[in-house]
Structures are given as C-alpha cells and as structure tokens.
Amino acid sequence: MGLIEFAAAKALASSAVFLFITLLMMAAAKRISTCIILFSTQSAIMAAEILALAYAGKSAEAYAVAALVIVVKVVAIPYALFRIVKDLKASQDVASSTTGAQSVFIMAGLILLSFHVVVPYAKTLRLDEDLLAAAVALLLAGAFLMVSRKKALMQVIGLLVLENGIFLAALTTTYGMPLVIEIGIFFDLLMGVFLMGLFVFRIRDTFEHLDVSKLRRLRG
Amino acid sequence: MNLALDVIQALLLVAIAPLVRGVVARVKARIQNRRGASVWRPYADLLKLFRKQDLVPETASGLFRLAPVILFAVTVTAAAFIPVLHPSALFGAGGDFILLVYLLAIGRFFLMLGAMDGGSSFGGMGASREALVSALAEAPLLLALVSVAILAHTVTMSGIVLSTVRQNPLHLSAVYGFALGAMILVAIAETGRIPVDNPATHLELTMIHEAMVLEYSGPSLALIEWANAVKLALIMAMLVGVFAPWGMATSTSIAALVLAPLAFVFKLAVLAVAIAVIESSMAKLRMYLVPDFLGMASALAILAVAFTALMR
Amino acid sequence: MTLLLLLLVPFCAALIVLTCKEPERAVRVAIAAGTLQMVAIANAVWRIRSAGVVQFGRYLRADGLTAFFLLNIAVILALVLVYSIGYLRHIPAGRFSSPRWFYSLTFLFTFTMIAVYLSASLGMLWICVESTTLASALLVGFYNTKGAVEAGWKYLVVCTVGIAFALFGTIALYLAAVKSGVNPASALDWSVLMNAAPGLAATRDLVKLSFVFVAVGYGTKIGFVPMHSWLPDAHAEAPTPISAMLSAALLNCALYALLRFDTITSHAIGSAFSHTLLLIFGCLSITVAALLMVVQRDLKRLLAYSSIEHMGIVALGIGIGGPLGILGALLHTFNHSIAKSLMFFTAGSVRESFGTLRMRRIHGMARSVPFTSAGLVVGALAIAGMPPFALFISEFMILTAAFTASRYFIAILLLLVLSVVFGALLHHVQRMLAGKRTEEPARLKPLPSQFAVMGICTTYLIVFGICIPRVFANLLQRALVVLQ
Amino acid sequence: MVQLAFNSFLTVLLLLPAAILLCRRSSRTRALPSLLFLLALLVGTFVAGMSFWRGDRLALDLSWLTLFPFAFAVDRLSAFFLLIICAVGAPVALFSIPYVERHYSGTKADWMWALLSLFLLSMSLVVTASTAFAFLFGWELMTLFSAGLIVIDGDSERRRHNIFIYLVMMHAGAAAVFASFLLFLPHAPGLDFVSIRAAAATMPAGLRTAVFLLFFVGFGTKAGIVPFHLWLPKAHPIAPSPVSALMSAVMLKTAIYGFVRFAFDFFGGGPAWWGYLIMLAGAVTGVLGILYALTEHDLKRLLAYSSVENIGIIYLGLGAALVFMANNSPAWAMVALVAALLHALNHSLFKSLLFLGAGAVSDATHTLDIELLGGLLKRMRVTGTVFLIGCCSIIGLPLFNGFVGEWLMFRSFIAGSELPGIASAAILPLMAGVLALIGAIAAACFAKLYGVAFLGRPRSIAAEHATEVATAMQAAMAVLAAACVTIGLMPGIVLSPLTAMAQELLHSSGLPEAEIPIAHTLPFIAACIAVLVIAVTGFRRIKRITPTWACGLPTLSSRMQYSSAAFSKPLRKVFARAYKPDRTVEVLYANEPYFPQSIVYRSVRTTSFEKSLYRPAVDAIVGMAARLRRLQTGNVQVYLLYIFLALIALLVFMRFV
C-alpha cells in the first residue's frame, strides 16, 4: 500500500520541477508542433497531480476532474491544434520576437520571480510553495509567450499555458473548486480554443499570412 | 439777492467773452509790435456774421445747422456753473465739475459731427485731430478737478471755490500747485491756443478748430465763435475761481460787491496777458508732440490726486 | 421559474432563427422572440419588485441590482432589434454572415448577458462573462472584411487574457473564503460571501490580491484605460446594431460583475482600497479618452472612446461612493447606454448615406440628411452632458457627490475633461454638418424604422433630462440598497 | 395677481415653439406666434416692473418634478435683471417681426422665433432661479440657444470657427461656475440660495477665495473681461441683428447678475484685494475694449468691442463697491453698486438700440462696413436720429442715460478718498481718471462711427440709394431711444428703487439726499439748454444751399472725405503699444529701381490674446493627444503588454498601500 502513497507523494513533490522543465523547453522551442507536444505533457503532469491529490484527499470529484483534464487538455485540444496546423499548411516557424537564448533567460527569470512572489503567501496559508510557484510561473510564462510570439497559433498556446497556470493555482490552493464550476471553465476553454481556431482560418483566408504583428490596419 | 448775483455773473461772463479774445489778440499784436485790431473787434465780427446768410453744403443734413446751436446753448449753460463775483453760481450748488466737464463734451461732440457733415476733407481732418486732443485732455482735466474736490471735501463748484477762499493763500497745499499746472496745460489744449492749435491760421497742416468750422458761415459761424469765446472766458474764470478766488464778495456788503467785479476783471486781464505772452513766445507743436504735451498734464494730475492721499 | 424562462427564451430563439432560411422569416421570428423576451424581462422585474430577491435552484438569483440591469438589456435589445430590421438589407451573404446567423448570434449574445446577471455564484458569473466574449467575437467579425477579422481576433485574444486574470482573482477570493471557514461547496455564492464578508478580514492581503486581479480582468472588459485597446477596434468594425449593443449592454454587464466584487471587498476590508483603485482607473480613463477623442478620424472610433470616457465617469461615481455617487453612477450607465445607442444608430445611417465613416470626407449633412443630422446633434449634446438631456443630471449627481466628499482634484479634473470632450465633439460634428453636400447621390435612404428608434432615444433623453419617473426612481433605490 | 402673470409669462415662452408648429400651416395665423411672443414680453416687463418698484417677492417651485431642487424666486435684484431682459426684449421682438420676415424663409423663420423665445426663457430662468441646479440648467441652455440662433443665420467657414470658439469658451466658463456653486456643497447640502447664503457665512477663508476666483473667471468669461473676451467680437457680429442686440445687451448682464448674486448676496463683500482685482480687470477691459473698438470699421464688431468696454466700466463700479464693503462703509458701497447696476441697465438700453440701428442699416444698405456708408442721416431720417441718441447715451453725455451711471461712479470714486487706507484713498480717485479716459476715447470712437456712417457724402451706391426701414423697426428703436432720454432727464424714477434694492442687499443705511443731487439738477439744466436753443434758433436766417467749398477744385468726390481708418489714425498712433501693429510695406518695382509700380501698405493689429494665450493652449492639447494616439499601435502583443504592465503596477501599488 505504501508504494501508491509513496508514488502519490513523489508525484506531488516532483511535478513542479517537471513543469519548470517543460516551460524552459517551450521557451527554446522553434516549431509550433513541439510547443503543442510540450503543452500536452504539461497537462499530463497536472493530471497526475490531480490523481495524487484525489488519492490523498479521497474525493470522487477530483477523479472526475482528472479524467476531464486528460480528455480535454491532453488529448482533444492538442489533436485539434495539430489538425489546424496540418490544414493551414502554414510554416511551422514560431516567429518569436526574442531569440531562443533570450527567451530561455527571460523564462528562468520569470520562474525565479514567481518563487519570490509566492513565498509570503505560502507561509501564511500553509501551502507547499513549489506548486503555487509553478502555478504563478505558468501564468507568467503564458503571458510572456503571448507577448513575444508573433504567430497566431502560438498566441493560442500561450493562452492555454496561462489557463493551465490558473487551473493549477486553483488546484493547489483549494483542492479544486466545485465541480460544476470546473466543468464550466473547461467548456469555456474549449469554446475559446475552437473560436480562435476559426479566426486563425479566417486570418489565413483574408490576410494570406498568420503573423499577428502584421495585423496593424486599425491604429490610433 | 444771491440768485440775482448768480444770473448777473453768468450774463457778465457771456457778455465779456468776446472782449477777452479782443484783449488777447490786441496784446499779442502789441508784443509782436503790430498795431493789432481794436479790442472791440470781435463784437463787430459777431454783428456782421449775424446779418449774413447761412450757407449750407448740399450734402449736409439737419445736424449741420443744429450743431452750432447746441454748442452755444451748452457752453452758455456751462458758464452758469462758474462762481465769478461770489462763491456760488446759478447751478453751482446742484451742478458739479463732472457735469461741467461733460457739458463741454456735448458741445465738442456735436461740433465734431457738424464738421464731418460738411462732406469735405477739412471737416474730417479737424474732427479727427479734435478727437485726439480731447481724448487725451479730458482725463487730466477731470483728475485735476477731482484732486481739488477731494481737498474741498465737496463736488460742487461753489463748494470748491468757497473752501479755497477760506484758506490763507500762503498755506495752500502742493496739490493745488500740481492741479494748477495740469489745468493750465489742459486749458491751452481745450481752448485751442498756440502750442496745441493756432486759432488764427487756415493752413491745413496746423489748424484743428478752424478746420472744423470751415464750412460754417453767417449766424452759425457767429454762434460757434461766440461759444468759443465763452468757453475761453469760462475756463479762465474757472482757473481764477478755483486757484485765486480771493477778491470774491464773501459778504453782501456794498464794498465787497464793488470790489468783486474789479478784482475779477483785473485777474482776467492778467491771465489774458499771460496767454498772449505764451502764444507769441512759442511756436505751434507738431501734431504728434501734442500727446507728450498732454501726457505731461496727465502726469501732473495723477501726482495731484496721489498727493491728496499721501499728504492727508 | 421566471428566471429560467428569461434564459430559455433567447436560447431557443437563437436555435429557431437559425433554422429559417429566408431573411424575411428570420426577421419576423426575431421580432417575435424579441417581444417575448421583453415580456419575460418585464415579468421578472415585476416579480423582483414585489419579492425583493428571486431564487431558482442553486445557480440563478436576481435582486434589485439585477432588475435594474435587466431593464437596461431589455431596452437596448428592443432598440437594436427594431433598428436592425432596416439595417440588415445590405449585409453580404457569406458563410457566417447572413441575417439568420446575425439574429441567432445576437440572441446567443443576449442569452449570455442575461446569464451573467442571473448567476448566483461568482464562478458561474465568470463563466458567463467569458461566454459573452465568445458570443460577441463572431459578431464583431461578422462582416468578414480584413478590418473585421483583425478586430475580432484582437477582441478575442485581449478579452480572454483579461478574463483569465479575473478567474485568478475569483479563485483567490474563493481561497480566502475557504481559509476563513466558509463551507467550500457554497464558498463562491455571492449571498453567502456577503454574509461571511466581515470574517474575510483575517485574510486581508488575499482579498486585496483578488480585487486587483478582478479589477484588471473585468476592467479589460469594461475598457478602463490601460486595458482599453480592444474597444475602439471592436466598436469600429462591428456592424452598427452590434456596436450599439457592445457599447450599451456589454460594458454595463462587465461593470455589474465588478460591482458584485466591489461590494464584497468593501464589506470585507473597507472600501478604501477598492475605491482608490476605481478612482485611479476612472481618472486615467476620462483623461486619455478625452484627449484621444480630439484627434480621432473615424466616427465610430470617436464614439468608442466616448464610451471609455463615460465608463471612466461611472468608475469615478462608484469610487467616490456615498449614496449620491453610486446612484449617479447607476443612472449614468442607463443614460449613457441610451445616448450611445442613439449615436451609433446615427453613425449607421451616416454610413448608409455617405458610404464612409471617415469624418473628413463627410460634409453638408445638415442639408442632405436633416433627420440624421438632428439625431447626431442631439446625441452629441447628450454625451457631452449638456443640460436638457439626461446625462447632465447624472453627471451633476456625480459632481455633487465629489464635492460633498470634498475630492476637489477629481471634480476639477472631471470638469476640465468635460470641456475638452465638448470641444472635441463640437469640432467633429460641426465639420460634418456644415459645408456643401458632396455631389454623388445618397447611397441608401435610411428607413422610417431607424428614425423611429432615434426618436424614441431622443424623447427618453429629454424626458429623463427633466424629471425621473417615480417607478424608475425606486427601482434605482432598490439597486442602491443592494450595493450599500 | 403678479404671481399668476409671472407663471403665465414663463409658460407662454416655454410653449411658444409648440404654438409655432401649430399655426405655421395657414398663412392667416402665421404671424400669431410673434405677436404672442411680444405680448409675453410685455407681461414680463409688467411683472418685473411690479416686483422691482413695489418690491413684492414671487416664488415658483418645480422641485416635485425634477430630481434636484428646481425653483424660481424673484427678489428685487432678480426683478431688476428680469426687467432688463423683458424691457429690452419687447422692442427687439417688435423689431424682429419685419426683420425676420424680410431675411428668412419659412422654416428658418420658425426656427428663429422658436429659439428666440427659448433663449429669452433660459435667460429669465438664469435670472430668477433660486437653486443652483436651475441656475446652471438655464446657464448652459442660454449658450446653446444663442449658438443655435447664430447657426441659423449662415454657414461659412469663418462663422463655424467663431461659433466653435464661442461655445468652447462658454462651456469652459460654465465649468468654472459649476465648480464655484458646488464648492458650497459640504456646507450647504440643498444647494438652494437660502442654504448657500447661510453656508457662505461659515466657510473657511481659503475656500471663499477659491470660490471667488472661480466665479470671477466663470462670470468673467461670459461677461467678456479682457483675457476671456476673445469670443465676444467673434460671436456677436455674426448673429442676426436682433439676436446680437439681445446677446450684447442682455446676455452679458446675466453674468453681471451672477457676479452680484455671489459677491454681494452670498458673500456680502470680501477682503479688499477682491475689489482691487475686479477694478483692475474692469480698467484693463474698459481701456483695451474701447481701443479695439476704435480701430474697427465693421459696425457690429465695433459695437461688440464697445460692449467689452462697458462691461469693464460696470466691473469698475462693482470693484469700488467691494472696496467700500471691505473698508466697512456700506453707504458708499451702496452708491457704487447702484452706479454699476444703473450703468448695466443703461448699457442694455442704448446697446440694444445701437445694434438694432446696425440691423436697420444692414437691412437698408446690405453692408455693415462703415467705410462704404455715409450720408445715411439724410436718407434714413428716423434711424439716423435714433442712432444719434444711442451714440450720445453710450458716450455718457448729460441729458442721456449713459451719464447718470457714470456720474454716480465718479461720485463714489471721489468719496473713496475719505477711506482710511492710503491705498484705497489713492487708487479710487485715480480710477476716476481711467473712467474719464475711457469716456473720452469712446466719444472719439462714436464720433467717428456716426460721422463716417451717417453724415457727409455716401461712399457707395448702396448707401446712395438707402431708404428708411419698416415702421415697426423704427417704432422699436424709437421706444428704446425714448427710454434712454427719459432716464437721462429724470434718473429719479430708476434711482429710488435701485437704492432701495441695494440697501436691502448690502444691509446699509441710506445716504443723505444732498450727497446725490443729480436727480434734481439734471431737469433744470435740460430746461436751461432747451430755452437757450429755442432762443438762439430765433436769430437764424433762411439758409442757402451751396456746393461744399473745395478750394476751387471743380468737384468734391466722396473719396476725399475722412474714412474711419483715417479718423482713428492719430489715436492709433498714440496708443500703438496697445495694438502692437505689424506693418508691412510691399513695393513693386517695374524694372527701373526708383520708380515703383505699386506700393501696398498693410497694418494688422496683433494683440488679440488669441496668438499669445489661446493658440498655445489648444496646440498643447492637440500635441498631447497626437502623442497618446501613438500608444494605440495596432499590435495585439503591445496591447497584452499594457495589461500585464498595469497588473504588475497595481501589485506593486498594493504592496505599499
């Protein structure tokens, strides 16, 4: 029996580190498909955490949420993104406005900043720091990706990473919100991604390119 | 008794006005060692002009003939303000120097309009120059009178004269000096004497008053000339009354009544000679030096008023 | 039951309208659904008036504040539906852009907004606000031109990111509630939180953190200045009825969400922190929006910036607080929505008669389209806050509140901003009205239905400029009690 | 009964636009609204007269209707200004009946009448309001309706620019008035005048100064005090003549009413430096106003600038009253206030007369440039005489109403010498000098105006064939002229109620009658002048018409007469510093150096504060806006950056708050 408890405890402790690694790789990634794979691994790690918490907290709800995460974030969304990338036959280049090395350093900086920010809260609220720090890091990383990457699809992925951060924050602090709210949030996320995909297709049709920084007709 | 005296002094002032001009002209001629016309010449001119026909330019409107009449009426009414024989006048009690100054302004305003109605360039030229002179002369005149009124603690002309009569001539405050200086300069400008305007010339470059009355003839011209004479007499009487009233009949004794007219005539004569001397010793100022001349008068008047507050 | 009806009507209408192919049938069904919706809302408002608070199941709740904003939605929906009858005849048929798609998306948009007002729990509130963004993104991109797609994309991305932060704020508040002993299952219900609010004082800085994130999140949707950039693009590129609905209804919807949070925070840790934040956003918004209105070239973008300015004024009203301040702010949202929709309808008929909205190319309106220019003048004077119209009353209220709370800096700033706005509006409107009419003939004659709508708005503005009817006044009172 | 008349007066003015709509169909009832309008104004004059002379107070409360208290209360001060509005409004309405018929077609005429009645209603509302909300409601409406009336008249680029400046400046002024009213708020919750009066007593000194500066700027902008006068010469000339008469004569007085209501009724005077500031503003406004009027040769612009001058004179009187109140001699303060208000009434009478005269001239000759007029007195006898009476009154010649106000002001300045302080004893009498200078230059200016426009030889064919205007217009002008002369001859009829009102306002005891003998001596002087005039005309002989003396030249052409620019050239040279003209001389040489083909001389006045004060302010705002525009770059990533920066800024802010 100890093995499962041990596995759950280990999963909880080490998941933060794995998340940081995926963030750094995503910063260095050059192709959109690698980013999509990294996003699905992130979601998988989070699913593992939820299972560990569910096992520790013995709440049936958490299992449902974990299943939801696996279905939506690990399988459905990445599959949809891959189909979009294939249909658009757009160049896989990430078209980042900062070079690879710069992005990695900035990402590392963001991770350190999130630790610095989280420390006062973690102590007062008796939460384990590294998970909360991971959540805030995901949040800041999503923001950085959206600001620095020029490709429309990369902005979608940045947004998804940001959502992941918030979801992880909810997870670590309060062991998940009421189930109905969770489902609602997932549904909105799905609709959001669907609509962004639709708009990416429309941009493709009207502008013949996917470079967001070139969308500058509406000014002043 | 007082009312009778008031009326007499007003009529006296109007009557002897042409005489004063005659005396001035005569003295000026003598100084320039010319024989000069007789002292009674202005009366002869008036009589001659009253008999002549009144020529009116075809472009002129009714205002052309109305202006001299208003000028004369207003100037004579103004004459009734000045105490001559005794320190009170027909309108002296009720009327005050503000009313006096603005009555003269009516006359000047209508004369300017009458001049422009003639339709020739001389009228406009005279009116424009008169506008310049009067615009700059009115403020110092009023300020000088204000400073004197402040010292006399009253606004009416008779009150001012009464307060100066009661003072001992030697203890007069410096304000009177400044006020007198300003009044003299403004008097010269108002009556159109030499440094500001040459009454005896018809040269376009220099004439102000003469240009305005160029179109007038016959009785209208007579009225204007007479009004002008009354204005000169009136201002000289005001200078005498405000700054050197000591011969006036303060009581109704016979001696005082006899002495008053003599003193007045003597003082008027002195003033007439003074004017003649000034006129023959100075040349007419260039048109655009008149503002500095009147600027001097304004400075003196402002000093007078300032000193009333400082020397209290 | 009435609340459920409120939600069902627009949802089913959206589906039914989708089925009818020909535009005329779609219009007729839309009008029928619209009137049904009016009846439902009226019934709900009447029920709330009598019962105070109406609850349905765990997730639907309506109180005085909701009734007030429901009324706002009803009026705007009616105006937009009547206006869009005439407006739709020149919409190009495209995959997504045909009258039936237009009406179904509009009803979906209305459904999501009503859901926001009726949601009892803050989590539900966030979900509905996010869904309003999704529903309206397609509407913004309806014309499928380059500009519309770009505006739609920017609107979707910026608002989703903004709303994500609001979610983080909601979670922080949920955490604070759970930490101070509220039962986790109902920790997000607004009424539960309101009762437990004093208890939240223990986790003071968590509540402040949550309000900061919520302010930035919902502030993005309201269009406060640092986060306003999506608003001018979305309003300029959306079809006129939709930009009217965006400006008049959607901004109020986001404001409603922020108000809900503001009441909880001020009950928990005192209103100093949250009101200071609102004042900062308010001052920034009115100043930057007023200045930008001076140099605008497109009529709809000018109106968008004017919406930002008026939302700034509402934020000032709430920030100053006090019964008069909040009452003024609420009244200002209502007046502003009517005046702004009048202006957008005028802009629509200007686009129809002149073919463009670039103000430099519009001349001689007064002679060629007298009724539209009358609407433009009335609208411009109203949103500049001139006396005979309703906005003068609400601005007077907010100024009175500011001076009573002796916040002189804010009051003087507001007065200066109003002068700059008046100058900017006058400059633009005068140039459009005067001058000779350009030769080419009027593109499309505006329909009487459009003028009827403008007439209704004008009468509202003048009547509410003079006196507030008794019924409306105590509806406002009841909304104020909720916020107190 | 008077209360009923007052209510009906307001309702008729309010409902007149509706009446216009009703009876514009049939031609028979077309003229009905204008007559109704005239009747309403007569009723208004009756109401104002009763309340002013008999002093009974009227009240009308509409607070049940509006959210904020909205009520009217007519005390003697309001009645006086209501009298100004209606007494001037009635002749202007009479004048407009033929004027509007001749100049405007169907719809424009209806709009004109509707806006005229609403304009007068808003002004009466401002003057009789007894709550801040009603006052501000009327204040903003007044500007809007006057702008509407100007817009009806025409639509050129220059007019649009002038209307824009007018509206923006009025709105800025209204903002200042707004702030000054609302500053009473923490102390006077109801914002009705009674509670404001109570609150004003207990206000701290700093707040009082703030309120004073705000309402000085606010009402100064509406009145046209020099730095804020920019809109006045731009807006009045482009309005139709009856409207510019109303704007100049009556609308400026509402600003004076506001000032008096604040300075004397609410605050009951203030520290001495208030008075000095007001007098300084009045002096500068008066002198610069008349100097600018001197250079104008457009009839209406000249009259607009002369309004600025007269407002300066009124402010001089108000400033003197404030100084007297500060040195607690309320008796002389009352005299100064009466002087200022009497001058306000006189100004409204003769200025509206002059503007209507200008309207008649423009109606007859279709031009307002006096350089093209001349000899109009012979051709338009009644308008000429009436215009002459107007000119005499505005210069302040005795026997006309301008003089009485200025005489009282002189009298109070001289009385200023008795005040204890050295400063006030010196400054007040010197202000008499300033007033005299203003009066003298005004005499020159209006002599030029009347001489060039009405006398001498006509300078254009239009002036040659000018014919008299419609009788209704003449009647209207005659009524105003008669009013000017009666007040000039018997000022007592207006002075006694005014003194009573001022005593009530300043809670001061009356002055011994001997100090103010003016009311008794003027009739005697008038009689004496009349007797002399009749006597002298007896001497006159028949006149002979001869061609003007032309120094022997064959004929005199109209170009030989003095034009208005030539007439004012000497004075312009003397006061060159006030104009700072930039003179350009362009000499065009054909081909040889010493024989120029043409020489063009142009001298343009530069000091109109537009270049030095307003242009930089507008450029600053537009510059800032342009820089802000660059913030909206169009790039989504930058927008997201703004959101994150805002979030981080707030988090940092939260850490420290």
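Of note:
Residue numbering begins at 1 within each chain, and the chains themselves are lettered A, B, C and D in the order written.
Following the convention adopted for this analysis, a residue touches a chain if its C-beta (ideal position, glycine included) is under 8 Å from a C-beta of that chain, and two chains touch if they have at least 3 such contacts.
Keep in mind the model is a prediction, meaning the values are calculated, not measured.
Steps from chain A to chain C, minimised over paths through touching chains, total 1. Chain D has its Cα centroid nearest to the centroid of all protein Cα atoms in the structure. Here the two chains linked by the largest count of contacting C-beta pairs are B-D. Set against the C-alpha centre of chain C, every other chain centre is closer than that of B.
Centre-to-centre separation between chain A and chain B, using Cα means, comes to 103 Å. Inter-chain spacing, taken between the CA centroids of chain C and chain D, is 44 Å. Taking each chain's centre as the mean of its C-alpha atoms, chain B lies 36 Å from chain D. For the pair chain A and chain D, the distance between C-alpha centroids works out to 71 Å.
Counting only residues that touch two or more partner chains, chain C has 153-154, 157, 161, 205, 209, 232, 295. In chain D, 629, 632, 636, 640 are the positions where the chain touches two or more neighbouring chains simultaneously.
Across the assembly, chain B contributes no residue that touches 2 or more other chains.
Listed by chain label, the pairs that touch are A-C, A-D, B-D, C-D. Partner chain C is touched in their complex by these residues of chain A: 121, 124-125, 139, 143, 146, 152, 155, 159, 162-163, 166, 169-170, 173-174, 177-178, 180-181, 184-185, 187-188, 191-192, 195-196, 198-199, 202-203, 206-207, 212, 215, 217-218, 220. On the side of chain C, the complex with chain D involves touching residues 153-154, 157-158, 161-162, 165, 205, 208-209, 212-213, 215-216, 220, 226-227, 229-230, 232, 273, 276-277, 288, 291-292, 294-295, 366, 381, 386-388, 392-393, 396-397, 399-400, 402-404, 406, 408, 411-412, 415-416, 418-420, 422-423, 426-427, 430-431, 434-435, 466-468, 473. For chain D in complex with chain A, the touching residues are 629, 632-637, 640-641, 644. Within the complex formed with chain B, the chain D residues making contact are 375, 377-378, 384, 388, 392, 395-399, 403, 407, 410-411, 413-414, 417-418, 422, 425-426, 429-430, 432-434, 436-437, 439-441, 443-444, 447-448, 450-452, 454-457, 517-518, 520-521, 524-525, 528-529, 532-533, 536-537, 539-550, 556, 560-562, 566-571, 573-574. The residues of chain D lying in touch with chain C in their complex are 65-68, 133, 136-137, 140-141, 144, 155, 160, 163-164, 167-168, 171-172, 175, 178-179, 182-183, 185-186, 189, 191, 621-622, 624-626, 628-629, 632, 636, 638-640, 642-643, 645-647, 650-651, 654, 657.
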